[in-house]
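This report concerns only the one structure given below.
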Amino acid sequence: MAQDYRFFAATRRRCFALLFEHRTRSGRRMETFWIAASLLSVVVLFFESSASDLFPNTPDILWRFGLLELGFTALFSVEYVLRVLCSPRKTHYPVSFFGIIDLCTVLPMYILWMMPSLAGATDLVVLVRLLRVLRVLRVLKLLRYMNDAGILWRSLMRARRKLSIFFGFVAIILCLFGGLMFAVEEGKDGFTSLGASVYWAVVTLTTVGYGDITPHTATGRMLASILILLGYSIIAVPTGILTAYMSQELEKGRAARSCQNCLHSGHESDAKFCAHCGAVLDSDRSQPVDK
Amino acid sequence: MAQDYRFFAATRRRCFALLFEHRTRSGRRMETFWIAASLLSVVVLFFESSASDLFPNTPDILWRFGLLELGFTALFSVEYVLRVLCSPRKTHYPVSFFGIIDLCTVLPMYILWMMPSLAGATDLVVLVRLLRVLRVLRVLKLLRYMNDAGILWRSLMRARRKLSIFFGFVAIILCLFGGLMFAVEEGKDGFTSLGASVYWAVVTLTTVGYGDITPHTATGRMLASILILLGYSIIAVPTGILTAYMSQELEKGRAARSCQNCLHSGHESDAKFCAHCGAVLDSDRSQPVDK
Amino acid sequence: MAQDYRFFAATRRRCFALLFEHRTRSGRRMETFWIAASLLSVVVLFFESSASDLFPNTPDILWRFGLLELGFTALFSVEYVLRVLCSPRKTHYPVSFFGIIDLCTVLPMYILWMMPSLAGATDLVVLVRLLRVLRVLRVLKLLRYMNDAGILWRSLMRARRKLSIFFGFVAIILCLFGGLMFAVEEGKDGFTSLGASVYWAVVTLTTVGYGDITPHTATGRMLASILILLGYSIIAVPTGILTAYMSQELEKGRAARSCQNCLHSGHESDAKFCAHCGAVLDSDRSQPVDK
Amino acid sequence: MAQDYRFFAATRRRCFALLFEHRTRSGRRMETFWIAASLLSVVVLFFESSASDLFPNTPDILWRFGLLELGFTALFSVEYVLRVLCSPRKTHYPVSFFGIIDLCTVLPMYILWMMPSLAGATDLVVLVRLLRVLRVLRVLKLLRYMNDAGILWRSLMRARRKLSIFFGFVAIILCLFGGLMFAVEEGKDGFTSLGASVYWAVVTLTTVGYGDITPHTATGRMLASILILLGYSIIAVPTGILTAYMSQELEKGRAARSCQNCLHSGHESDAKFCAHCGAVLDSDRSQPVDK
């Protein structure tokens, strides 16, 4: 009995090391496997969505894609169950960011398979499509294996106050110009509501410029020119703010990496030798843990 | 009588503290109230402008929105009257930036309500629309509560000379290329006047690129390519100028914030503790004034 | 006789001071006059080009604009003749940049007025239009009065080698992707020739994105995405280069401005007082020369 | 016999110096010749592709362009053979970057001329077009003579890790928003497949904004606005990274250039005199090798 328990505990620990720790050799092999599986499932999704165009002569193509999808859903379901079972604190993983993502990418398929009547309901077509498209979130599983993605996130978090002030300011400009254009363009040429006008202002101020809504009166064109040139001056402010914080974060990363021989710090995160004494630097993930 | 006067004066002072000073606890509650009211009135405006699309089955929807509008206009009228009455120098508030904004967002509705014939006049339709849209200026009321918005404004003011030189230069380029394209494209494909050509040049140089007016001759396309690549080189100049001034302003803000314990300055404006001695820093607005 | 000559010489010197030197008080008045005249003539040009739309009920509107144009051409002709006559070295002004501009903006009208048959020739319509549009060059007369425009020009000159390497590299990318898209899109959807494909590549790489030529095949869209993301990485290189040189030029301008009281240098070009000792700084153009 | 061999060896060495070394005087003349030939062949290609529009009255224009093409192909074939023959290590040049390019720009024409039936095959029209367009790669021959192009390449190589993390992050955002828009827009207005939706997301996030695929529902427009403003914040990150590395590379180039008189280093790569002692600096390519 105690033997049994100890065996379970050891299996769970091994399982945990395999799934959550990427520093072990077999853990890294698992990592590669899960990355490949996630990427492949998303690629399959892309082919599925334009299946009738790509394979016009294969009538049962959607059925084959359904089979593939069955496989991927089974695989990711097993992954989810294993992750829930082997995490030491049961309640921690299911409510974490990745736990929710992992659940969201398998649950919709079960809902769709259990309620076949849903697929036929004409007034729920958007919901069904959304449930099917949720599988695209599998691409977020890759974030788990991107060690440096945190820099962008931390920079965003630190810059959020300045960015929110800036975007508040931009929102006010957008409302103003959207309202003015709505009045000036007399509701024609796509300026049919305040919402559409503000959408036009977003598309214009950021220099995207689709051209689906454009001013045609002389006054409207002058207003648009002013908005463009005004926005043109303030357009790089958020990137300036973010770049400043990101370079600070990158500096921190360098400072935290020091040589174990001469204690010299400030090495690039992809450096292999100490720039000061030539000793081999510990790589980020070079300490094999499993025996 | 003197009692009366003193009571009025006290009420006015209290009223002034409530409306103009945001450092008191009740003043901050009022601030939250006015921010919510401004935001809500603008959101209602957006829904009103596309009411017939959003609620097609409610024939009296515009009447209901009119009722809501009545409420908001009454509220902001009361705010305006109170602000005029309780400001110590009577002539200061009505001619200030916010005084004019506050007036502009209530006055048009009174004009429209008093002159119902206006709404039916076909040749004044733009004017009526403009009067109605002026309510969107209520979004500017929010500027009053954005403490850091001044940085952008001060940076713009300090950089105005360099920016105006740059935009003068850009204006000359725009006129030149607009004129050339007007001659080359032979008045076709939207290049119907010098004004339209210069509008095309603005849209092109700033990389907005709507596509409503595009060159179709080989010469025109070569000219457009030159304009694009030329503008491409000078496009970041205004942002460079503005970013430089803004970082100076941000530095000033940091320098002005110093610890009351060790007199160490240079703290981030959202720091809560002194980075040097660990003492609690005064937050920007933590001094309650009202008792 | 000598009296006469001396009188002429004095008049010429006075005339030269009025037209070429902007540091005298009357010279600055003349400057304001010429700036206003240039601006006004260009504004009139804009109104003329869309006269039939703006004034549909005035049949003789083009005749009136012709009269205005007669006035401006006379004025600028007088300016040109005076400038030629009063410049000390006769051959210097007519071959200078501004001399050629001044000539180009009056000569076309004389050609058009002398050869009325030209306006009716159907196969010369582009030439006539070009001659008429050349008047837009009058906007370049303003450059004469923009003291700081030289900074942009000098920066461009100093950065020309790096910029030309960069644009050579960009040209190679444009040719490559233009050629590939021409082959892939099978000559449809606007990709009718190599030239049109390269024009598409310019419009795409610089994020202008008109949308008049767009890929419709899956391969074409993937190629377009690669071009966009590739170009996206190198897009800010020229602005980076230019901004670096411009900030150097601006620094030079600051270093060259020093206080006459304490010899402290490094003042902003729009500073009025020395930041070090508080003495009044010489403004850029404050030394009246004429008595 | 030995005489013969020595003559061949000398000829080969001379040939090598002419073709591969650009520091000799005659080598530089050859360089100019090959640059001109490459440029001219590409220009001819452009004219050929729109020949029927440019010369509508010349029925045998394509035949004439074919003759020109014959000349260029012969010239570049001779160049390729000479380069292969005179390079010291036979296997090195044909497998190098430029060797492959040189081959790719002559081989397709031989294939097309040897298999005339290919040009008529309707199902191989894309392949034939691709073979013809491969000649546009001749523009890459110019890279051989751009000494400073290496800076951009080296910067790209050094920044590849950070850039790939960033583009991985962008790819995830693109997939997410592409999937959401595909679900929301209900497969209409060009959002026909996941691939098309991601293509739209690329075009939108990078502010290209063709406008061939645009959202028309209110939810879709709000999602698009969020994507635009989100992308707007992270848009300059890659340029920031690349610019930082490029300025480092440019600094290196300066540091490597030192005066032979006073050993002062840090000169601009286009400086002609030492900024410290005034001595003439060695220009980059001023050491004539051939006698």
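All chains are identified by letter, namely A, B, C and D, in their written order; residue positions are counted from 1 within each chain.
Rule of thumb we're sticking to: contacts are C-beta pairs under 8 Å (C-beta built on N, C-alpha and C of every residue); 3 or more make two chains touch, one makes a residue touch a chain.
Here the structure is a predicted model, which means the values were calculated and not measured.
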* Structure fact -> Ordered by label, the neighbours common to subunit B and subunit C are A, D
* **Chain whose mean Cα position lies farthest from subunit D** => B
* Same or different: at the subunit A/subunit D interface, is the fraction of residue numbers used by both copies above or below half? -> different
* Asked: Just how far, in Å, is the C-alpha centre of subunit D from the one of subunit B?
  -> 46
* Structure fact -> Whole-Å distance, C-alpha centre of subunit A to that of subunit B, is 33
* Where in subunit C do residues touch two or more other chains at once? -> 50, 195-196, 207-211, 218, 235-236, 240
* Asked: Hey, which residues of subunit B end up touching subunit C in the complex?
  -> 161-162, 165-166, 168-169, 171-172, 175-176, 178-180, 182-184, 186-187, 192-196, 198, 204, 207-211, 214, 218, 221, 224-225, 228-229, 232-237, 240, 244
* Within the complex, which stretch of subunit A touches subunit D? -> 42, 45-46, 49-50, 53, 125-126, 129-130, 132-134, 136-137, 139-140, 142-143, 146, 148-149, 152, 156, 163, 167, 170, 195-196, 199, 202-203, 206-212, 235-236, 238-240, 242-243, 246-247, 270
* To do: Going by the contact rule at the top, pick out the subunit A residues touching subunit C in the complex.
  => 50, 207-211, 218
